[in-house]
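Consider the two complexes below, in which chain A is the common component and chain B and chain C are the respective partners.
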Partner chain A sequence: MVGLSIGEKHFIQGGIAQDLRSDGRKRLTTRPIYVETGVISQANGSARVRMGATDVIASVKAELGRPNALQPDKGKVVVNVDCSPTAAPMFEGRGGEELSAELSVALQCCLLGGKSGSGAGIDLSSLVVVEGKICWDLYIDGLVVSSDGNLLDALGAAIKAALSNTGIPKVNVAAGASGDEQPEVDVSDEEFLQFDTSRVPVIVTLTKVGRHYIVDATSEEESQMSSAVSISINRQGHICGLTKRGGAGLDPSIILDMISVAKTVSEQLINTLDSHIAAAEAGEEES
Partner chain B sequence: MEYVSPEGLRLDGRRPMEMRQIRAEIGVVAKADGSALFEMGNTKVIAAVYGPREVQNRSQQLNDSALVRCEYTMANFSTGDRMRKPKGDRRSTEISLVIRQTMEACIMTHLMPRSQIDIFVQVLQADGGTRSACINAASLALADAGIPMRDLVTSCSAGYLNSTPLLDLNYIEDSAGGADVTLGILPKLDKVTLLQMDAKLSVETFENVMQLAIEGCKAVATYIREVLLENTKQLEYRRGI
Partner chain C sequence: MAGKGGAAPSTYSPSPTTQKTKSRIFGNDDVDWVRSDGREFHQCRPAFFKTGAVNAAAGSAYAEFGNTKVIVSVFGPRESKKAMMYSDIGRLNCNVSYTTFATPVRGQGSDHKEFSSMLHKALEGAIILETFPKTTVDVFALVLESGGSDLPVVISCASLALADAGIMMYDLVTSVSVSGLGKNLVIDPILEEESYQDGSLMLTCMPSRYEVTQLTITGEWSTPKINEGMQICLDACSKLAVVMRACLKGPDSTLEE
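Right, the complex of A and B next:
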């Protein structure tokens, strides 16, 4: 999509090699991040995150459902991403579906762990209301409004912000239901439970251009990448998920090196994100 | 159900002739040639315009005028209950068509032959009147993209419930089953470019409702003009003229 001349390509690659990128950043510097919470009033929680010209919205909706028979003590979380045609004309019609699916799967494995749900960044057992009978289904929807590279990191940050903005209604279960009967529930519209988001990971994507790798690549830089590794890391420094995109092969030792770099970058990112989320929440309460 | 209380207040506390709060913002999508956000109460839409540019599909090229295309999409989270399958259903196709036709009427397409203009509208929150909000947003986005237009198009809806004409219906009033008139006008030329109504009304009532909708459109036009003027002033300031 990005049309670049040979000169421009050399300029971008040369800049990265010399640790001075076209927008003045160093290889491991991220763009300033803006967080706004509570943008979608109909959702249980929502956030809008901007990184340069990348602009994404994430919303969380909670619905009561039945837990999976194999995991009666866990709730369900579904992550879905849509690319709006406003971001690029090529997402028109079904054009954005491939990228949407790629992002959804990557987020799913970065946030939710494996099929069993163990090791998930989101604590699934906190979503259970009555074991085996009622649980909350969280639908996390991401929407890409404007795209200038590094969509996965932005979506990850937006989801983290949206989750900390989420209030799940308190449920009172009527006693007396026994056996296979579905107990009656009373969903409170006044009391909300806050979600514990301290363990929700952030995603750091390292994009390899030439012999070096950079964080928070713009779409021009992404067009020059040979491969990219997205690593999701939580506050404790645990790796919660990992995906590699792009065709070119990577040396195993480089991957390990990338992970340790991602860990240091993620610490800064978590700190800035947390302070931005807190500021956004405070700002929302005031208005 | 009672949609207008005996005191003359509607469900959300508005008077029958009162519009919801409107808010517009220009330049919300950095990569687009023109973009705008438009809010009417809880309804919130983003419009982005790409073009005029080369025609992507050669067979669609028009030799005497620009090709205008439009796509309307609703976000999964835009409605009260989460939507499952939003893309390309009949309703969005129909709204895309309505928006395209309305915008085509005001764009001076003959000035840009063999080119293409794409209008994408994305609904972030739907609470009645998405059609109107989309047209207003598209109008602003086209103006932001600097595309030559005969006039701004503005749109507003009006309805008739409990024998009272109501301006700018929200979702509850919209789904109440009464008449719903969506109107689009060219405010300077004083022409109607879009008119849709469902349900039945007597001719006299229709006249009143339509008059109300026209007033609504004009109020929107005044606001849009203010926003554009303010935006231009900002641009002028930034260029240091």
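Right, the complex of A and C next:
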């Protein structure tokens, strides 16, 4: 928790009311975003995203597994977020568990869509190798290295960058396996299939402080929030998920207003993020 | 839900038989399918509430919406644990658990770890925490039988239990969810509909204040659809509040919507 004096609290609240925040931003301006891809060589894909002092790493690991008996034509995706005590002492031991669980659930809800699989950012059917027998299990891990607010948006961006950095090895299935036998597979370590990330949404969190709401809040600003709404939006402008944090109630019309604001913000964010990811990928290939 | 092989239920589980082998009963373009329990798309299941279900608790409530059966007890306010820092407002401690026989497959209820924090978030905005400083109120919810829309039922039932315990609240909290199935929105989905849903929207609100305390959306939604879904939910929430209020007032509170 951030310890703030009454004066500082008033300064933050007053600044937001006057559309000039402590760091000189306007209410709907985001901090500059830095994207690095391929930061973890052990993983199939990884990315590090920094927004101000918020620093997160996302890694994607693919493992061969068996599809769920109920959904034989789909792979599995597991999203897990870890809050390291290096980011804040309160994350030590079980302290970070609650936040980790909250972030994991929110990301899962934003990325995976409905139960039937529609609206998912990741196309689960593309992960199947042999229907009902072999599929890729995608483990998406987020790590909070340093926390200065707006973790969910940063993690969402990092996962999007990590997924576009992900190469799934090509699998050759040995022919001849029949019936219930598990077919033999040969995982290629040279050929990789690129992942389609055009449908992966970005997450925009609008934090309500006083009567106004801001994007990309720092932790000082987050400590003054009454509620926050995180909206994940894809390139088509469709809502892929929405969660609310903070106890204070909101008028339904404000929520709809927030959704339309989030849409405009997300368009810019998607474009910035895409160009940053492209630049990061290009930089990685050169080095 | 792979347990369809064992036809004879070995434990007490009057839940509907699972639908693994059934084909999808409603197509995307098919507008006129009938919901398996005969309801219309925008018709909720009959709601039954009863307060005072647990003697030992400060307040408790039992709710039954179709096959979804939930019991919530509220304990406290009690002294906060020593390890907690001093706080001039009260604390709310929520826990949602499933009985092992609540789900079609035994013990599957542990998949819903996030429900506890979601219940907490839905309720904290409605409780006047300033009225019990330095103390903690425990809200324990147990899903006896999962029949779809579990979390909304838990939230509504918990607010009734809090009211029964005499915890000061701004308003009752009611919650309703809708499922998107193809082009249609169905309210108060049952387990079967939830497993086929393309998206879901759960709205929790304080009806008399017309404030949304929690909103969760999964799946892909367009803005007009969100609008529609929210309106349906808000409408149902205010109707649900009438039922809950009647239950709190009535001496023998058996009211059906």
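Following the convention adopted for this analysis, the second predicted complex is superposed on the first by the 285 of 287 C-alpha atoms of A that agree within 3 Å, B and C clash if a C-alpha of one lies under 4 Å from a C-alpha of the other, contacts with A are read in each partner's own complex, and residues count from 1 in each chain.
As a working rule, a contact is a pair of C-beta atoms (placed from the backbone, for glycine too) under 8 Å apart; a residue touches a chain by one contact, two chains touch by 3 or more.
Computed from a prediction, not measured in an experiment: that's the story for all the values here.
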| item | value |
| --- | --- |
| First (chain B), second (chain C), both or neither touched by A:E63 | first |
| A:I259 touches, of chain B and chain C: first, second, both or neither? | second |
| Contacts of A:D251 with chain B and chain C, given as first, second, both or neither | second |
| Touching partner for A:Q42 - first (chain B), second (chain C), both, neither | first |
| Which of chain B and chain C A:V145 touches, first, second, both or neither | first |
| Touching partner for A:L242 - first (chain B), second (chain C), both, neither | second |
| Of all residues in chain A, those that touch chain C in their complex | 69-70, 98, 101-102, 105, 109, 112-116, 118-119, 227, 229, 234, 238-252, 255-256, 259-260, 263 |
| Partner chain A, residues of chain B touching it in the complex | 28-32, 35, 42, 46-48, 50, 56, 71, 73, 75-80, 82, 87-88, 118, 120-122, 124-125, 127 |
| Touch list for chain C against partner chain A, complex | 1-2, 20, 113-114, 117, 121, 124-126, 180, 194-200, 205-206, 209-223, 226-227, 230, 234 |
| Complex contact set, residues of chain A against chain B | 39-43, 46, 52-53, 55, 57, 59, 61, 63, 80, 82, 84-89, 92-94, 139, 141, 143, 145-148 |
